Structures are given as C-alpha cells and as structure tokens.
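Single-structure report; data block below.
Each chain carries a letter (A, B and C) given by its place in the written order, and its residues are counted from 1.
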C-alpha cells in the first residue's frame, strides 16, 4: 500500500475554465508507483473549483464560463456578502456547484481518464491569484 | 487491504435520469470481500454523469430531467460549441454540475446507502449509447 | 493502514446552510491515528447535502440559501413529485447539485482544510429532522 501527499501550486489564471491536466500530472511522479488506486485532488480555496470535462475544444470552456455567469449572476438583489466585490459571492456559489475535489482512478501508474476527459481549474474570481491543490494518491 | 478495479458497461439508455443501483451491484461480487471500505464509481464520459437520489418514485427522475432541461437550456445565444448538436453543450454543463464520480461507503460487504438512496445514471445526450463506468473498490 | 467508520447524528436544523465543522470533528477522535489519509463524509439522505465553503461570514450561508431557492424554485409547473410538500422536489434537486459526500485530506492527524474552508450541512427541507452522516476515515 502506498500513500503520497503533495501540494501543487497552480500559476495565477484569469477568471474562466482552464485545462490543467498536464500541469498537474507533471508534478506527480508518485503516480508511477501505484498499480491500482485513487488520486484525490483537493482545492484549498472557496472561490475556485475543480471539475472534469471535455479536453479538446476550447469553446467548451468558454461556454462553461458564459453559462455559469448567466445562471449564477453578480449583483443579485438579495446578496448580503458584497464587501469583497461583485465577483465574490457568485464565486462561492459556483465553487459549491462544481465542487472542491476530484477523485480519479489510477490504473497501471497513470490517471485512468476517459478519452475526452481533462481536469479543469474553474477560476471564479477576476483576480484569484495562484491556487493551491493538495493531491493525495493512494493504492497498491 | 483489498483493491479491486472493474469496468462496467451500462446498456444504452435514452436521455434522462435512470436508476442503476441493481445493474451496478450485480456486477461487483468483489464488494463481498470488504468489511469496511469505499466504492468509487467513475464515468468515463463528459456528457453523462452520476448522482445519488431518491430510489422509489419514478416521478423524481422525470422532474430532475425537466429541471435540468429548464435551467441548462439548449440553444443559448452565447454557445459556441454547437457542432455536435443542440444537446451537446448542455450535456457538458450538466455533467459538471452533477459530477463524474460517486464515493459510497462499504460496510460488511455491501454498499452502505441510506434507505432512500439509489445510484442514478444521468444521460444527457439524446443518443449517448452504452456508457462505461470504472468501479474501484478498496478497504479492509 | 487504518480504517475507521463511524455514524454521526447531526441535531435537527432549520432549512438553510449550516457550518458543522466543529460538531463533526469533535466526534471523530480516530482522525488522530492517521498521518496521511482521507476522511469521507456521506449523508444518508436525499433531501440534504454536504459542501465546503467559507467558514467566516454567516452572510455567505444566507446568500447560498437565497440563491438556491431562486434557481431551484418550488412549485415549478412541470413538477410531478409534489405529494410530500412544495419543498420536497427542490430538496432532491439541490441535493444532487451539491452532492452527498465530501472527501477531505487528512494530514498529521487532522482534516487538512484551507484557511477559509468549512463543512456545510445543506438542509433543504423545512423540517428535515436529525440527519445522519457516515464518516469513513482511512490512511496510514
């Protein structure tokens, strides 16, 4: 049984949905040790999130951003939490809708993703800065 | 410590929310080996998803489909990703809202679900075809 | 390798988003045994959910409740599942949007949450009663 835990610092990105599969995997040589297991990715923030989605067309990522801006609007009249800017409360809501963690199976030393699946960093703040992920990889 | 990984092929289903608990569990005799553990279910696609919800009333599943069609509409004017049909971009969004994986506790050789909980396959494409799940079961 | 599983009974709370980190952690002395691992929290219900979000400002939790009431409305004309009250079908939808489980890394015997992250119980029924969580903690 193997257990590895490693923090990953993601470079700052603008608001939007960003494909980060390669940036993440490059920093996890420990995956090679695991024949069957799980990789758990956990974002240590409440205004950014992680999801899996289509890894080929950049227009999917742009449409995701448009969709979430439309259905999680800024400046809703009932928002009380407005001190940190109009992008802050929608960022918290989007973070809970999309989720803080991903669990991806490991098979034969690599993430076992479907053909079209990639890891997205969902940056919900206009200027969210560098984001920290904690990767926990375990298996046999 | 036990680790089991098995791919499950789900028969094609029409667009909508489908209760698949029995179909899944029947294909996982390995659950019996595990006294305390976790079963991780991972869908290898980006236009279908997995969720847990009410296992009794089919009207819950119909209402879920209506709700998601209403709040994740087809043909939004800002969609750029339209080449694969009007059901495609909404399918990607629904997949991220609902998620690609489930983690269910294992107790005494069986999934430890609440009384009313069942596993739903959420098929977001009109004709999504057969769907593949990867089940990873681990525990002691 | 350690495996611990424990059911937690959460006191009844009114509809809304509630910070429960302290109430949960106090009931899990087993966390101390684990240097590196995962804590899995699983709610055994289909009309309440779990999420991670901002642990400081109560207005975030009030805004979350307002948001979800607005975008998952009661009394939609297409709802068929209405026998258990107007808050029931929206509760099922919210439960799937937010999710039934959380996975939080364990480091050095404690949950490894970001500075601003706390565990929310999302109670979607007007009178949901006591809620049961199953905590599964594992690691080395």
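Heads up, the rule we're going with is that contacts are C-beta pairs under 8 Å (C-beta built on N, C-alpha and C of every residue); 3 or more make two chains touch, one makes a residue touch a chain.
What you are looking at is a predicted structure, and each value in this text was computed from that prediction instead of being measured.
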item: Same-residue or different-residue interface between chain A and chain C, half as cut-off; value: different
item: Superposing rotation of chain A relative to chain B, computed on C-alpha atoms, to nearest 5°; value: 120
item: Centre-to-centre distance between chain C and chain A (centres being mean Cα positions), rounded to whole Å; value: 20
item: Per-residue multi-chain contacts in chain B, two or more chains; value: 1, 71, 97, 99, 103
item: Contacting residues of chain B [partner chain A, same complex]; value: 1, 3-5, 40, 42-46, 71-72, 76, 78-81, 89, 92-93, 95-97, 99-101, 103, 132, 134, 136, 138
item: Contact footprint of chain C on chain B as seen in their complex; value: 1, 36-38, 51-54, 57, 59-60, 62-64, 66-67, 70-71, 97-99, 102-105, 107, 112-117, 120, 139-140
